[in-house]
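Per-chain residue numbering starts at 1, and chain names A, B and C are given in the order in which the chains are listed.
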Amino acid sequence: MRDRLKLILFPAVIFVFVLFALMLGVYFYNSMPIFHREGLDIYLKNIWNAAEEAEKEYYGILAAIWGSVYTSLVALIIALPLATAYSIFVVDYSPKKLKNILIILSDVMAGLPTIIYGIWGVFVLAPLLRRYIMQPLHDHFSFIPFFSYPPLSGFSYFSAGVLLGIMVTPFASAIIREAYQMIPFTYREAAYSLGTTKLEATKILLGYIRPAIYSGTILAFGRAVGETAAVSLIIGNTFNLTLALFAPGYTISSLIANQFGNAFIYSYMTSALFAAGLALFVIGLAVNILGIHMLRRWERNVKL
Amino acid sequence: MSSYDYSTRKIKEKAFLLIVAFLTFTMFIPLFHIFLTVFIRGFPVLAENGTKFITGTFQDGGIGPAILGTLMLVVLASLLGLPVALLVGIYAYEYPRSNIGKITKAILQIMLEFPTILVGIFVMQILVFPMGSYSALAGALSLAIIMMPYIAVYTTEALRQIPFTYREAAFGMGLTRIKVVFRILIPMAKRGILTGVLIGIAKVAGETAPLLFTAGGAYQTYYQGITKPVGAIPLLIYQLIQSPSNEYHEIAWGASLVLLIIFLALFIPVRLSLKEVKL
Amino acid sequence: MSITSADLAIETVRLKIWYGDNMVIKGINLKIPKNVVFALMGPSGCGKSTLLRAFNRLLELRENTRVEGEVRLFGKNIYREDVDPIEIRKDVGMVFQYPNPFPHLTIYDNVAIGVKLNGLVKNREELDKRVEWALKKAALWDEVKDRLRDYPANLSGGQRQRLVIARALAMKPKVLLMDEPTANVDPVGTKKIEELLFELKQDYTIVLVTHSPAQAARISDHVAFLYLGEIIEVGPTRKVFENPEHELTEKYVTGALG
């Protein structure tokens, strides 16, 4: 082969392919026992019977799947308006110096070790939320299903969702801001030439980047679903298939973080957790492919 | 257009600006609150224990082994991940349209968003169980797997920033592809690549989840060898938070301050030296 | 003047070039004699830059290009299976439209790099000599001899382009390909480069792409007029300009076309 560069690079590429295949393989292989035993019950039931005798073991992680989705949705409800407002402010209103500072701050926020969010969430955020939001809402509106659960500890879907929202906001911000900035100048000119105020122009331009906002949202959801350390500290780690925001719960990742260490004691728990991991992987993959695909398609359209 | 109409529009405009500015400000409240809290709760712990907090073992009231462990894990992870990342990044740049190139890029993108806990239990399965023990090696392998796609993607991007004309100039001199890439293009892109390396390091230095089932944690002793368990600052914080002891919580705050300082010291200079980062 | 094959630097035979399905060079037979300045002129998009890059096989850097026919460099077809393009490029220097000295290398290293990486000199002393020789040849030595360790960022556009010429000359090529070398250079710099070409043709064959008929008239000995991938007219410069055979050529040289 004349192209010796390829020969040098190829082993590394093969290595990555093998590693990736091995990861998928390990997940599938280790999930098999639980699939053989329970079929799709592992995903469709809410049950966690860890028993010393293998016959009595039975696992269904529906509550954890629910928890992942539920907390991530709460996170998005918080992240989306903040990220959109941030993008508008940075691109349209803020003076250049402040703009740079805001972008750097957002990047710092995105890169901050998650365990720092975790410790702050446990000792600061959760007690604050319990005292000033969860307790009052429960006291006055407990007839609404969302607020029906008494916030005993503050560790709950709600706290986890809020913390996740704070954590993924800078991530969604970066995507939306970049899209907003990418709008060709001529469209801005066109909007303003119609005699619009900034508010009206912004409305028009936001419509223009709507697909980018959707994909930013989807990608932020992917981030939130995969987050582990901070969530597992604040979510309460209880199986709870409920709409009640103030109830403690589980997410897939916090379930794995909590149970994997001693799963080897049981015959099927490791397998159940690998199946949980597989679900996490598939959700993350689907969400990311969708988000990235939408973003690319939009970027291609903009460049025309 | 009546003047009344116009002034309503003006008021709406002002209100809109206020809302947008307020929400932007709100977004950063947690960040500042975190900085403040970590400092207020962490500083007394550091001040009280002095340098012993940084260097001492856990029974001396210090987190020395965790700091050393994080350092060791990062160095080891870089040794494992960096060469692969660079070569794969170059491949994705040089052969972007070949099938293997396309698959490579897709895999890197997937691995970039891979939940890190999944990497942890993968490594536990293939390394920790066979070896029969948590180890620095297993922890470092987890971090290397997480770091690799970051550095690879940054490498590809940094190379792609080089205008085509320089590529033509390099090939126009009759250089082999290897020399064009390693002697001309890589040195040209070194700043961007270095940024990627540092971002990758900053990222994994703060990771907790992939270490849960790999590094094991060791806080009474310093280095015991790469096949033995090792501590790490984020892992220590995670474990201390879950203990019921208030005293341990104090140490966790102190450790958080140390981690925050390390992160900012690494991240801020890198961030200031370039326009955009991808996290 | 009759030209025999032995006097030719470059000869193309039924040369066709495609970008994807799009044929951009449509069967060109061109003879470029040794030691002249040969201008390829034509409006933008006529394929002249593409044709130039066929002469050192630099086309291969782009995806989806396909070449048919022959390009003979001193009689040897460079598109034959067993020819290594890398060897060809050592004999064919190239200067680009955008002055592109490597920004991360010093002035000295920019000139030295090709020589060094191709192992053309034995030691440091020889390298120093070669760099000095090339910079003198490119009429840049006096302007940069005191700041060889500086980076090219501080040079003017014209100086940068002469640095690129020095980089190419340092390899001691036989042919120099120039793709609109003055397109991004100010008038003063342009004049210097044009004067330099006059000197260089003593030792080299220079193929120059230009979209300016005036420039072709000023500095070339032979000229080919390229339009939509075909040669409309080719010959000694004076003849083509003073007595064009083709109506299109006349329109082009008088500025009535594109």
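The rule we apply is simple: contacts are C-beta pairs under 8 Å (C-beta built on N, C-alpha and C of every residue); 3 or more make two chains touch, one makes a residue touch a chain.
For clarity, every value in this text was computed on a predicted model and none was experimentally measured.
Participant: Touching both chain B and chain C, which chains are there?
Facilitator: Neighbours common to chain B and chain C are absent.
Participant: Among all chains, whose Cα centre is located farthest from the one for chain A?
Facilitator: C
Participant: Of all the chains shown, whose C-alpha centre falls nearest the centre of every protein C-alpha atom combined?
Facilitator: Located nearest the centre of all protein C-alpha atoms is chain B.
Participant: Round to the nearest whole Å and give the separation of the Cα centres of chain B and chain C.
Facilitator: Once rounded, the distance between the two centres reads 47 Å.
Participant: Can you compute the centre-to-centre distance for chain A and chain C, using the mean CA position of each chain? Integer Å is fine.
Facilitator: Once rounded, the distance between the two centres reads 55 Å.
Participant: Report the inter-chain centroid distance for chain A and chain B in whole angstrom, where each centroid is the mean of the CA atoms.
Facilitator: 18
Participant: Among all residues of chain B, which ones touch two or more of the remaining chains?
Facilitator: 176
Participant: Could you please specify the touching residues of chain C with respect to chain B in the complex?
Facilitator: 56, 58, 61, 63, 86-91, 93-94, 96-98, 100, 102-105, 113-114, 117-118, 164, 167-168, 171
Participant: Per the contact definition, I'd like the list of chain A residues that touch chain B in the complex.
Facilitator: Residue positions touching the partner: 3-6, 8-13, 15-17, 19-20, 22-23, 26-27, 30, 81-83, 85-86, 88-90, 93, 102, 104-120, 122-125, 166, 169-171, 173-174, 197-200, 202, 219, 222-223, 225-229, 233, 253, 256-257, 260-261, 273-274, 277, 280-281, 284-285, 288, 292.
Participant: So in the complex, which bits of chain B are touching chain C?
Facilitator: Those in contact with chain C are residues 97, 163-169, 171-176, 179, 183-184, 187-188, 190.
Participant: Taking the touch rule as given, give the residues of chain B at its contact with chain A in the complex, in rising order.
Facilitator: 9-10, 12-13, 16-17, 19-24, 26-28, 30-31, 33-34, 37-38, 41, 83-84, 87-88, 90-91, 94-95, 100, 103-104, 107-111, 113-119, 121-122, 124-126, 145, 148, 176-178, 181, 199, 202-203, 205-209, 212-213, 234, 237-238, 241-242, 249, 252-253, 256, 259-260, 263-264, 267-268, 271-272, 277-279
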